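Have a look at this one.
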Amino acid sequence: MMENPWISGLVYSAVLVTVLMTAIAWISWFERKVAGRMQSRLGPTLVGPFGLFQPLADALKALQKEGIVPKDADPFLYRFAPPLTMALALGTAAVIPFTPHFLGSDLDIGVLYALALSGMMAFPIWIASWASNNKYALIGGMRMVAQGISYEIPMVLAALVPVVLSGSLSLGDIVEYQHVNGWFVLWPPGVGLGAFMLFFTTALAEGNRIPFDIPEAESELVAGPTTEYTAINWTIFAASEYGHSVITSALASTLFLGGWSGPWLPPLAWMVIKTSVLFVTITWIRWSLLRLRSDQLMALCWKYLVPFALMLLLVAGIWTHVRP
Amino acid sequence: MLEQVAFFVVAVVMLLAAFRVVTATNLVHTVLWLGVTLGGTAVAFILLEAHFLAAIQIILYTGGVLTLMLFGVMLTQRQQGVTTVGNPSHHLPAGFVLAAAVFAMLAGAIFRTPLPNAVAQGSNTRALGVAFLTEHVLAFEALSLLLLGAVLGAIVIARRRDAGDESEIAGPAIPARRKLEIGGSR
Amino acid sequence: MAVKVDESARNYEHPLYDYLLRVPGLDVAVASVDQLLTWGATNSIWIFPMATSCCGIEFMAAAASRVDLDRMGAIMRATPRQCDVMIVAGTITVKMAPRVKRLWDQMPEPKWCIAMGSCAISGDFYRDIYSVIPGIDTAIPVDVYVPGCPPNPEAVMEGLLRLQDKVRLRREGKPVVKEERPEVFERTIHPKIGQYTRRQEKDADDPISIGQLESALKLQVRGFPLPEGVAYPVEVEPAKPVVATPAAPAAAAPVAAPAAAPAPVKDPEVKP
Amino acid sequence: MQSWIPILVYLAIASSVGFLMLGASRVLRVRAKDVPPTRELTYESGEEPVGNAWIRFHPRYYVVALVFILFDVETAFLVPWALNVRALGRFAIVEMIVFVVILLLGWVYALRKGALKWQ
Amino acid sequence: MALIPTKAFVADPYLDLETYQADADLMTLSLGPQHPSTHGVFRVVLHMDGEMIVKAVPHAGYLHRGVEKLCEKLSYSNITPILDKNDYVSPMINEQAANMAFEKIMNIEVPLRAKYLRTVLAEMQRIASHLLWLGTFAIDLGGAMGGGTTVFMYCFRERELILDLFEALTGCRFHYNTHCVGGNRHDVPPGWSQGVHQALDLIEARLAEYLGMFDHPIFVDRTRGVGTLDAELALELGVTGPLLRASGVDHDLRRDAPYHVYDLVDLKVAVASGGDCLARYQVRVEEMKESARIVRLLIDNLPAGPLSSTKPLNMVTQFKATAGQVYVGVETPRGELGTWLIADGKKATSPYRMKIRPPSLHNAAVIPYVLPGHTLSDAIAILGSLDPIMGEVDR
């Protein structure tokens, strides 16, 4: 029965989406706890043991709140933007091999698929910002798109380094290759690590995480593109953002950290461990750094990251011939 | 069978979206409908097993060109309030004639080209790359020159009014002091 | 001048939910869902900090690591669209009151308001100054009063816990204890201060005053002078010369107060 | 084509998540009884908004988008190269070095002229 | 249409928006009165060309409480609690300023012990105030959902140490009312000086820790060269305090016109050049360290003797002033707080006119000069670095 792509796809999708949404909810709790401990406070404690039910309470509360569509907004786009964001954020996960077999579809252009959807994340948020007809939101949306497109180039270039080394665009093949030959973060010495750092940095920028969270700068733009969005709509945006972070972490660990490959533990455990480590790193960076300014962000991207990425790619290409 | 059903669904969606591109009065809506059309093209490429082209379609067109158009729209909007463009009806006949001409030209070109009957099976991305780097290598390198020209051209056009001044932008200078009003009336 | 807000009159309804309650056989299921929803509504109260002055600093201290409002799931959002409770912390002036009212209007239902500190409760020192409104409950309905000048951060947390109780009672359809505004003395400082009263009419030469008054009247901020023959839609109780001890929590407020009030007593709290 | 069916199913389910949440909210949420006219006003720090947000934006964004597209095209051509560099050998690397160097000239020009500057 | 601006923008607070040639439509953005980073109810209307501010118009008065008018109606001993709420971030120093003016007009001598204690309290308050500023400034730079909040939490944790000491001394966390005409009300409780030393030890150790956080390229990039205020303009606008010292003017009332016992402590005034946000940060950090040194120096050497030369009774008729006028300036964490007191002989128990010269108002006057030419992000950083307290701007 599992040979039928429709049925296997349905089962896989249902499982993965459920797991992802649950994970997203409790990741928000986890982030609040981590932030609390970093700031010498406790974080949520009163709702359930260790405040574990806090995300549930937040979601239930958000479901009950009134929805407001501003008078000057574009009502259709205003309502349509949050689900679209969610769809794009979750969509990337379809090609990520969580184990050798738990995988939606091993596309022959898997890397490009993931990067394309991930790069498109800026659009629904821009639509949201434009549709709200709010100045703070629109400034945030414009920043978002400008930042998203700028960082897409180094991101794609960094993701091409594993492609060069493994000679395949399929994520499954890339992981298999690493399983045999070692993780790309370790070899070629320097190049792999550089590409990983580059990918991680650009992933922070694409996911609007500090120090690149300029579109959502709370101290400047109140709440950025989502300023006008009430309860559940905002929750969808926030969940998509967390989802994007988690999935990008999974993508990074697939491309550079060997995905499910690893000794002793079962593949899924390795994948979860690697993704969690990367996500904790994102959280850690988020709660300890200040924010860049938009021109500094652009300068960082165009002046340093783009040529650096091109160099890495060429060096990786040369490496395949020097040490095949 | 499945391919054909999917193709017709995509075709209908693309046509409807294209129709909305023409008829939408809000420029931003127009661009977003165009995005739907471009996304439909990507799906059509997938149906033709041109996976690489589909991905490039998304990354380049839906990601890049659409951004450019959006920013272009944000650049041109001057009306306050409702941002609409009119549909002047007296341009309608001319538009039809032009569209028909373009359509005839494209259709003629398509019908005169011998098309392969069988859809390629499996991935052709690798073959595409090999073709780039061996058969069409000259075109490939010429393309880099084209892109270089495009970069130069874009920047020169963008700077056309301020020829000559290439210095770094200085920080805000301190102005001459004058009496200053704080607050003011509503 | 103080306007007693009818506690039970909430400005929202639950259309589909009420309909489901009336379907026979469904009420048990709906009631259990309702318990879950009530639990969610009480345990996730997001704060819109309307911090204007000194109390704002103490409110920041309440959000900081020693008291840490995040323990009970209360986080701060800067935009009113995503918040549940507006904490008015600090003196509200005539110029600021319409803005506060506007921000309050922009918050989505169900929403609550906490008046933090004596300035927000009654105007305190400044209650007779021409530029200060005597308590934020003249502009927006207040659910919980947190007295103090400024209240300690712990008092803010206590106020939020009291608000949680209130939300729970209201959702469960039980009678909600009406919170009494801790009254201050009629004359807080000096008898002569009364001569500096609020501006009673528009100053024709002052565009700012005209704009403010018009804005305030449009937003129906009570406490502003009205044109002749215009009345506010809400019943105004005569101010009772009650001197409540500032430390008196909600439990100290008399339960019999709603019954004793001359305002028309309606009891929509009892849900079908 | 066959390999895209699970993707299609997955995307359909992923899209439905947001709509499901909105639908649940539609059932459970409250409705304000009397809506003050200011409620649907755009939020602007408590003031009445001055002017519309839909204005003509700064052309700087456009320039960045323009340069982005050109580099994006270049990236698109790098992908087939990256896939085949292992197979094609030294020739491919030389080709790509030429390609990239020519494009970096454009990059240097853009940088020197301040096209990538934000302010 | 210039797609790439090449000409330098000249900041002009008097810019005529009608004739300004913008690259895009001018966006009028209202920053405040309720905005996470205006530090109170303050409104700055920004006219922006793209993201660059071409004109900034500050609007104050959202917290006008008629304090000066109120002071005319209150007796001298009842004014102190009102002025607590004036600059609510450093109430101690505000109390001192008013009471010094009263003492000066009534020719009341303050005992030495009270002078020592006042100095100690003022310097501790300065540390608390600068800690609060550091936390909010970090939020301005780092966002409410990021590293800024972390610094904010740390700063408030340390500020609580000082507030605890104040609470032990006066019984209040915030509005102390501990100064009276002629001295102080509350004497040092037993063990207080050890507590001060312990708190300062902690604060100094942890301060070094945060400064490590600030010694980061992102922070330096965000603040260096941002909001440059040259000394000439600063002097012309009446800017005082850390802002003025950050612009390179070596001026501090504590050293130049010493009051209390500042002439005994050999104060080292922190001066930085540059006049940008980074310089303001450096000056304030140095001031915190210097304040800690002064407190340590004085707290162990409190002279014996009475704490007040008068009996601190709240009788309205207790203090009477003859006709005259005085001006007293003290250095608050934000600059020179001037109290100009006029008494006519007729109404002896309360001032005839009490004019308060708040430092924040004059510091906020630089906004239209400094903001134009910067981006919105920089504007937030500059507003944060000015550290205006709306309570004393509007009074």
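Note that the chains take the letters A, B, C, D and E in the order they are written out, and that residue 1 is the start of every chain.
Quick note on the criterion: a contact is a pair of C-beta atoms (placed from the backbone, for glycine too) under 8 Å apart; a residue touches a chain by one contact, two chains touch by 3 or more.
Please read these numbers as outputs of a predicted model, since none were measured by experiment.
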{"item": "Longest centre-to-centre distance from chain E, chain (CA-based)", "value": "B"}
{"item": "Leader among chain pairs (count of C-beta contacts)", "value": "A-D"}
{"item": "Most distant chain from chain C by Cα centroid", "value": "B"}
{"item": "Mean-CA-position distance for chain C and chain B (Å)", "value": "53"}
{"item": "Approximate Å spacing (C-alpha centroids) for the pair chain D, chain E", "value": "44"}
{"item": "Inter-chain centre distance, chain A versus chain D - centres from mean C-alpha coordinates, in Å", "value": "14"}
{"item": "Chain B and chain E, separation of their C-alpha mean positions in angstrom", "value": "54"}
{"item": "Set of chain C residues in contact with two or more other chains", "value": "12, 37, 64-66, 78-79, 81, 99-100, 103, 106, 108-110"}
{"item": "Residues of chain E whose C-beta touches two or more other chains", "value": "1-6, 24-25, 27, 29, 33-36, 51, 61, 144, 153-154, 157, 375"}
{"item": "Numbers and ranges of chain D residues touching at least 2 other chains", "value": "4, 28, 30-32, 39, 41, 43-47, 49, 51-57, 59, 61-63, 65, 67-68, 72, 75, 79, 81, 83-84, 87, 92, 100, 107, 110, 113-115, 117-119"}
{"item": "Touching residues (chain side chain A, partner chain C) in the complex", "value": "32, 36, 39-47, 51, 53-54, 56-68, 218, 222-223, 227-231, 234"}
{"item": "Residue ranges of chain C touching chain E (in the complex, touch as defined)", "value": "50-54, 56-58, 60-61, 64-66, 76, 78, 90-91, 93, 95-96, 99-100, 103, 125-126, 129-132, 149-150, 152, 189-190, 192-193, 196"}
{"item": "For the chain E and chain D complex, residues of the former touching the latter", "value": "1-6, 23-25, 27-35, 43, 45, 49-52, 375"}
{"item": "Residues of chain A touching chain E in the complex", "value": "35, 38-41, 135-136, 139, 210-211, 213-214, 216-222, 286-296"}
{"item": "Of chain D, residues touching chain B in the complex", "value": "1, 4, 51-52, 54-57, 59, 61-63, 65-70, 72-77, 79-81, 83-84, 87-88, 91-92, 95, 98-100, 102-103, 105-107, 109-110, 112-115, 117, 119"}
